[in-house]
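This report refers to the structure that appears directly beneath it.
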Amino acid sequence: MALPAPLHGVVPPLCTPLDPHGEVDTASLTRLVHHLLDGGVHGLFALGSTGEVAYLTDDQRAQVLDTVVRAAGGRVPVLAGVIDTTTPRVLAHATAAARLGADALVATAPFYTRTHPREIAAHFRRVRAAAGLPLFAYDIPVAVHTKLPAALVRELAEDGTLAGLKDSSGDEGGLRRLLVALGGRTGRRTGPAPGFSVLTGSELTVDAALLAGVDGVVPGLGNVDPAGYVRLHDAARAGDWAAAAAEQERLAALFAMVDVGPEAEMGRSSSALGAFKAALALRGVIAHGTTAVPQLPLDEAAVAEVGRMLDAAGLLPER
Amino acid sequence: MALPAPLHGVVPPLCTPLDPHGEVDTASLTRLVHHLLDGGVHGLFALGSTGEVAYLTDDQRAQVLDTVVRAAGGRVPVLAGVIDTTTPRVLAHATAAARLGADALVATAPFYTRTHPREIAAHFRRVRAAAGLPLFAYDIPVAVHTKLPAALVRELAEDGTLAGLKDSSGDEGGLRRLLVALGGRTGRRTGPAPGFSVLTGSELTVDAALLAGVDGVVPGLGNVDPAGYVRLHDAARAGDWAAAAAEQERLAALFAMVDVGPEAEMGRSSSALGAFKAALALRGVIAHGTTAVPQLPLDEAAVAEVGRMLDAAGLLPER
Amino acid sequence: MALPAPLHGVVPPLCTPLDPHGEVDTASLTRLVHHLLDGGVHGLFALGSTGEVAYLTDDQRAQVLDTVVRAAGGRVPVLAGVIDTTTPRVLAHATAAARLGADALVATAPFYTRTHPREIAAHFRRVRAAAGLPLFAYDIPVAVHTKLPAALVRELAEDGTLAGLKDSSGDEGGLRRLLVALGGRTGRRTGPAPGFSVLTGSELTVDAALLAGVDGVVPGLGNVDPAGYVRLHDAARAGDWAAAAAEQERLAALFAMVDVGPEAEMGRSSSALGAFKAALALRGVIAHGTTAVPQLPLDEAAVAEVGRMLDAAGLLPER
Amino acid sequence: MALPAPLHGVVPPLCTPLDPHGEVDTASLTRLVHHLLDGGVHGLFALGSTGEVAYLTDDQRAQVLDTVVRAAGGRVPVLAGVIDTTTPRVLAHATAAARLGADALVATAPFYTRTHPREIAAHFRRVRAAAGLPLFAYDIPVAVHTKLPAALVRELAEDGTLAGLKDSSGDEGGLRRLLVALGGRTGRRTGPAPGFSVLTGSELTVDAALLAGVDGVVPGLGNVDPAGYVRLHDAARAGDWAAAAAEQERLAALFAMVDVGPEAEMGRSSSALGAFKAALALRGVIAHGTTAVPQLPLDEAAVAEVGRMLDAAGLLPER
């Protein structure tokens, strides 16, 4: 399907349900897509960091994207992460994603290697040229250890290389400066990059980001409570900022689930992804809370704590 | 004067005007205080990072604080930075600040040395106990290279060690989680730390921070345009978030002055502080734009660029 | 071939020659292997960071390893890098490497994701168990942004998970502590991990590392001057430390070629790899100095500077 | 006394003994000086990081330096740390140090503020010009969060601003490149900065650094075992590198005392400094193992562990 320009709304980064052997659980993934569509989301982002893309083999990535595209059935656009170390490897993923029906691609700056802004620009330009699909830059320094320079994003937005930015940098001040440079709340559509979409990847500052003028949001916690993020988005679009902030507060409290895994014993990725998957399993959306190896699983006490948080948020069915 | 609990509103971190020899220009500093009070600010923060506290000798620090306290004349509270590497050195500054009439102190975690959360807690407790003044924690990882752990801030807020937090960490998501943990937008005053004041140090996300529930803002750019930040604050307090966001956009555009100094040739602190001081000189508030050694001065072209930005923002007098 | 335990000597991380289209130049790669064997090296490490492994597609990686194994012809062991983000993806590379005849594998800690020591341990244990080949841990924080904890390395050395460590961390003090903990210069072979091989990845401190007791060295610059590193190694083994230090000084001067690319215009990886490849082309070993996209190429002036450095080092043929 | 050019040999960074109230214990400090001179050291470095300079008030700093200068009695040169955030504050310390009889000063790059190489150069030039004493640059990124650029050190060495470098950066490869650029093992004295002294601050790679050509060493652990470092130095100077390495191994094992304090409960500075002081108290050199607030003290078990390490190293008197 044609991608809206700019892409906007709630576009969750889908978790990748796994069976106890670590294989992709396509039935659960299909249910997850339906759960998100039922929640009213405006797009789907498969194979992002929340989707454990860094843990999936190429075959598993294909299986995930194929499942999501089929389950989405053209109702909303599907963005596909093409996450790998450098251009040649990203291009291989991009080719596969185009073949499987993705509507747009999401790529990071090169990582593992020490890179340079001019090389990052060359990277995005080559991926855009070769793939034939709209391309989003994924700014996620916690993973790639480079912050995309604002001047670079603007250049690639204005020359049409990029269709948008998914900002998971946590640098809300820098995001604000970018939005202002692109025309601000009232001038974005007639500014230097009129169809360019700015999406925030933060779960915790969505109200603020919408107030600042972002087009949409890509919240990992949106897997668990898509309807909550859609309510937050709709309140903001309606100018009811107090309602948006109240919804954001509820979601910020729920987000505390990412810390149920003890910091001394497991990684922060494992704890957060384990919590999201445990919540999806407790809500009956997916069959297993399994995360990919070598991540350590949440223990029973942590899963029970996730359950209590869901219950407090009214997200568990009556029993 | 007694400090409001919580402290709230616009509390700019004052620049420290210097003469061409690097000595404190007390006449200019007095004019700066009047300029800020005329702008409607709710408090004054002397000897912060924006005040070049790291560049001032002990005698100069005393001169600055004495001047600000006298010029303020009790109309608004005066917070004094007591910035140094560890507890014994901070205590020496705290004693001086109390003697000179500060209404509250602002201290960072230990720096230069490698510290630990338990040692940071001991640090704040000792400073609070010895100084006899309300104490604000200053969370500024870009300077001290430690992020104050959220659990630590909560503990010290709840047990009364801290009167507040000045958050210059740039971690808006973490700030939101802290605010929610303290009771959120509607429950803060009846929460576990009812008089605790949360202030953001970011110039660029003030509308967002106020929407999230902070009590006040400590913007370096507020030296240049205090009335702008007061308008932003008042719009937010009135619930007019569109007006607040529009004012924030204007100030975000003005903030671009911090980059007038070429990155290849001078530090980011020098460029930002040089721009603020150049703007204050151009606006006629202070006599010289001099920054402390070994910072490099802005060149003429950069100062002219600051002038153009002020002019575009309507902040220069007609000539 | 059976891997010596411990693996020792000079084991260069091979550059991957590319043709102007970015495809693997297998004829040049074969010549590079012969060049290294002629220089007297004791092993070959294919698909490391110096081999641009992060830039090679899976097919290219297979092509490289196949070429190196054939060219080596069993004369020295071939180590294969299996560099990817996490366990499932590393396992796919490990299976391929085993099939293609690698004698040992080299894997990093997980990257892109935020990991944890317990997860890193699980990662190495799974790779070791699944691959059926001796496994070296590759400690390269500049790429993966995690430093392998010393206690973890010791645990995995002592329980047989790891056959060795390639230390590219630059933490020579930590390396010394590890060597001492494993028995020191005289007690390593009867210590808690008697066959464990410790290799340094630094080009610049090989004499020091050999004095401290490492078994071998993996120098990127060894592509350009393998005979120099073999002389350095042999002098150290003979106890002639003055000769070893003199040779190291000569190689340290030659290493300055990594900075021929201007820092303002290209990444440090591109400059270093570009210089090594330019040197190999100038020495007539490989056909082209091409580096993989999106790395920027050295300009003519930089290549000429590499030529002057080679000439000064007596590494160019008479003309 | 006139400083040798280059300064060379073992120059320990003195611990600062404190009484249980946190006041400087000058009697213990005098004994420490005698203990070091008896061990054969070639110079004394007061008020360094190991001396808890970041924890001492200005009065205490003066007390320390006065005590050390008197106790040294001109037998070896005394270097004084003038550690503070920026030039004006460093100059205040430099004036005091000159008055108290220091033979040379040791200063870091500016910290707390974000600085720039050109500003660091201006900083050292101003301190050198104003203080009238030989000046050493102290490269300690773990504390100041800036690595001194090699080109900057060379420039300031060659123009006479700096008398030497104390390298506590841990970047042994960079140190080697600097030494080679200054003329190498055989050409340093006739190179571009003939009297320039290069000292390593690492306890663990002293043999390697001497092999690479440094002039001297500034080991914190040298407080505890000065004679050991002097033996190591003498063996290296005699060209007996096997003996030097063996002595280094013994000292590396002893250095493990820095980890006796549990990482989960106290900072790494506190643990290391606590261990050095506990060892000095157990050896009968100083009266108390007290470290400055807010550092946490070692518990009894940790102190007992230090005792066992000393005993194993033959550093405790028979009882």
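Letters A, B, C and D mark the chains in the order given here, with residues in each chain numbered from 1 onward.
Here, a residue touches a chain if its C-beta (ideal position, glycine included) is under 8 Å from a C-beta of that chain, and two chains touch if they have at least 3 such contacts.
The UniProt protein names, listed by chain, are A, B, C, D = Dihydrodipicolinate synthase family protein.
All values derive from a computational prediction rather than experimental measurement.
Greatest Cα centroid separation from chain C: this falls to B. Mean C-alpha positions place chain C and chain D at a centre distance of 34 Å.
Centres computed as Cα averages put chain B at a distance of 49 Å from chain C.
Not a single residue in chain D touches at least two other chains. Of all possible chain pairings, those that touch are A-B, A-C, B-D, C-D. The touching residues of chain B, counted against chain A in their complex, run 170-174, 176-177, 180, 184-185, 202-205, 207-209, 211-213, 239, 241-242, 245-246, 248-249, 252-253, 255-256.
Residues 22, 49, 54-58, 60, 83, 85-89, 92, 110-116, 118-120, 122-123, 126, 142-145, 265-270, 292-296 of chain D touch chain B in their complex.
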